[in-house]
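So, here come the structures, one by one.
In the two assemblies presented below, chain A is common to both, partnered first by chain B and then by chain C.
Right, the complex of A and B next:
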């Protein structure tokens, strides 16, 4: 398949005797929202941690197709995951920079290109023209995204002072400022009310359709999963128990069993 | 009144030196949450580099303003290398270790630097002839003449200029933005594609160069240094950083000024022999009554 973005083969992650991920194989496409669901402790976040270099996978391979350039995600860790591989992620809990303004949060995500333009900040100190130009561009990108999530008028407020739902959205657009190829979202709808969830669906669909960024989504909120997923991977005890479209997943007996238990 | 004015002038001068060192403490604490106890000795290294450069330049007969600029630059570059190396050798390998490990390593590094300078330069005090002489005299007709020396003006001016540049760097440039981001969440900063290790190295480089400027001023102001000056000056600057609120950069500047003033007024009005007690009493009082300092942010845990 030419539009496969992420290709995970036989991924296994062991912590001592505990097998957190057991021989997991799945792929995600460029223009798809791929959801990973499963009961608590199924190993969903561990998959993300392997993808973004927090854990070193015990076995298996993970490849990212970046403009027909196959990148081995196992080779990237720390800041290179975002900078070189183009993978962005969010966490279950909100991890904005709460003491920095909303706009600054967006600018931090564009650090690398600004750092080059500013000659490692020296030109930035003397306000050189080329740097000001680049900074203006970064500012435009930030404003563009803030407009989309409706936070333009709060750009100068501290990110920590925003309401919870807005912080969630800000986290996602901040990750988009890295210009990632793959966006990994860990429970973005956790704690959102119905209207905020609907807004989130809209935002994620926009990112998928207009920005052509592949999204990997861990989510418990089924209204989000069923509403926007193109493809669903179901995990239980680290094993993939089902894979298919949202509709197929909803009707699958294995999935129902994992979530609700068996009928005696 | 005249006496008071004189103490005020001296206090501001001394406060500038402490403020410059205190910034290094507060920045490092802000970004990696440790007290860099070797920072005082980095300041001492800066003072020695300055002393050696001054003596070497005295042989060449270059004019004074150029010598001053050159000495400042040489001291900054050399001392920044020391600061960078200390971080790479003693702190970076321990970054993922338990919290006390880098602190112990810092104390060790402090002893290493002191002994290294002692071995390389000898244990005796070193003196420098006054580089900038003269000044303004006020209240000439009264019985106490207030002196504002050119050197004091130079020290305060250089401090103001450096602090202005430094504040711009932190608040306006992307390096400063990355540093502030690291202070709040290092993992997330790395996930934004920012090289956290390099940002931390830059923090040490900037902090060390500011300390080296303080060292240059110290050797010019007092004219006498030895390998041990870093300990007292370092602890006092640390007190200044705590007083202003550790982690807060304006706090470090304010704290430095206050410690300088407290120490000078104590020496001027109470006892010059016990001047070190003033700074340390302040440290104890501040830690008991204002543990977050004047401009520090309290750690509020949301439950």
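Right, the complex of A and C next:
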């Protein structure tokens, strides 16, 4: 099991009387795209919020294997999950910095290393060579990703002015700028047309194969899920009702009944 | 379509009239006068009628010409856009011209004592505006207690200068440091607050500092204020007509006639330099990671956290840096006045500085200058009509918000562009 990237055991999240996640156990592998699917209100986003420290889980454990270093995600609060553990995420409702340029969005994502490079602003204020060099490198990383999603020519436009599909893609590559070990995507294909959806599949496969970044994916669009998932976890009312490969999931009677519906 | 617009606007202006009547009826309409040693109510319905008619008609025209016009609300008017585009294109040249003008200003033929005093006051507000712009404009933290840092700067400067006799250039950084520490002190409890709640707590903080200054008599002399704050000297050369025995003064050193304007001109250049330093610092730090993080925090705090940006440190640095510049400005105020008391640091000062920043266009450095000239100029023009000053001030703010809802200069320039590094 050295290949396991994320190991979630008996995760439970209660909001007052409501049990949003009920004793959930699953794991995600390094070279996998692991999808979490389920009907509305099943608790998918809540799983992300627990993983990324936005909510404090009521019970259970979450471990991340980072280069054979087992990290307890419960120990980190919100921004430290991204900073220390290298877990990046996107949001169901896109959260860009709309009044800042596309490039600035990418630079903010590299904040922590640039902050150190700028000597916590001291070296930056005196225009030190070493900082300018680091800034340039950060620009190149930004350009690299923008080239991949084809947004380089809009780098200086406000992120909020981009078309919806581009905003989704930008949010994903912005998350990649923190060089995460695990990338959590909350419904990235929502609102995309067929071509954009296909582009997204390509981007996610590239991230998985070439960047060696594990992906946790929440998705409603079954064509995306079936096309790229290596592993699927199905939630219903906070409980895991099925786990398996995409094909197994598609044919599972429980999943069909609870979520997919019969095809006729 | 046009008929519909007029109908809607009429209806709306009718409502405005009713609200105006409800407000001004009791406030303006019913006046108590003493007649034969008894108070009687003397109605002034005609004045009320005039005011109500003014509000209703004004609202009607605003409706027709700006609000209900077929365009997105909040879009700027064409005149404003033209001005903003012009300032954008010629920004660098205008800035240089403005700085050049500021430098030769004291030698203009019309620059007498009165004009110099106004110029110094405006420059102080511009500096405060630039300092607060870091907190409000960049970091998006609505701070209504900024005057507290101005006060802390002024009092720490005064106390160090009076009790230790240290010179301006030593006391200035100390005062800035103290103000910055108070910035962090305010920052900690409000870390989790946003928007209205943040505004309320910062407002209370500003009042707390003022009340503290008022009551800590042993240190601050309370309402009596601190007197005898040393005047600044020109690198050790005092501006005095009759110096102490054996002390060389500014005018004897340079072989000039004594003229009280020399000190005023020196003060003018002092605040000009301080303000320009504030400006240069802000422009520079906006392009550094911490500056970008401030703006990102203003845009979306949750997204910041998801990218590993530490919101606590980011907010605290914004409060501290903004407060530090407030403290510098406070030191200048103390040395210029030679006398300070808590009366100079009331909420209205905070309100004016916030108005300067907001009306200038959140985050715009040039906007701060324009709105200072406009607002402080207006207050000055109305100096002789004491009771109408605030009315004019309020009216001006309403006008700007009607025609430029996002401030005079709303356009933001990216801090880094692809072109720059190739």
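The criterion applied here is as follows: the second predicted complex is superposed on the first by the 259 of 264 C-alpha atoms of A that agree within 3 Å, B and C clash if a C-alpha of one lies under 4 Å from a C-alpha of the other, contacts with A are read in each partner's own complex, and residues count from 1 in each chain.
Throughout what follows, contacts are C-beta pairs under 8 Å (C-beta built on N, C-alpha and C of every residue); 3 or more make two chains touch, one makes a residue touch a chain.
If you're wondering where the values come from, they're calculated on a predicted model, not measured in any experiment.
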Clash or fit, chain B versus chain C on superposed chain A | clash
Chain B versus chain C as contact partner of A:178, first or second or both or neither | both
Name the contact category of A:41: first (chain B only), second (chain C only), both, or neither.
-> neither
Does chain A have more residues touched by chain B or by chain C?
-> C
Once the shared chain is lined up, is A:152 touching chain B (first), chain C (second), both, or neither of them?
-> second
After superposition on the shared chain, which partner residues are touched by A:78: those of chain B (first), chain C (second), both, or neither?
-> both
Would you tell me the residues on chain A in contact with chain B in one complex that are also in contact with chain C in the other?
-> 52, 78-83, 88-89, 91, 95-100, 104, 107-109, 111-112, 114-115, 118, 120-121, 124-125, 174, 178
Residues of chain C that touch chain A when the two form their complex | 281, 284-285, 288-290, 292-293, 295-296, 299-300, 302-311, 412, 414-419, 421
Any idea which chain B residues touch chain A in the complex?
-> 165, 168-169, 172-178, 180-181, 184-185, 187-196, 297
Per the touch rule, the chain A residues reaching chain B in their complex are 52, 78-83, 88-89, 91, 95-100, 104, 107-109, 111-112, 114-115, 118, 120-121, 124-125, 174, 178
Mind listing the chain A positions that touch chain C in their complex?
-> 52, 54, 78-84, 88-91, 95-101, 103-104, 107-109, 111-112, 114-115, 117-118, 120-121, 124-125, 135-136, 139, 143, 152, 155-156, 174-175, 177-178
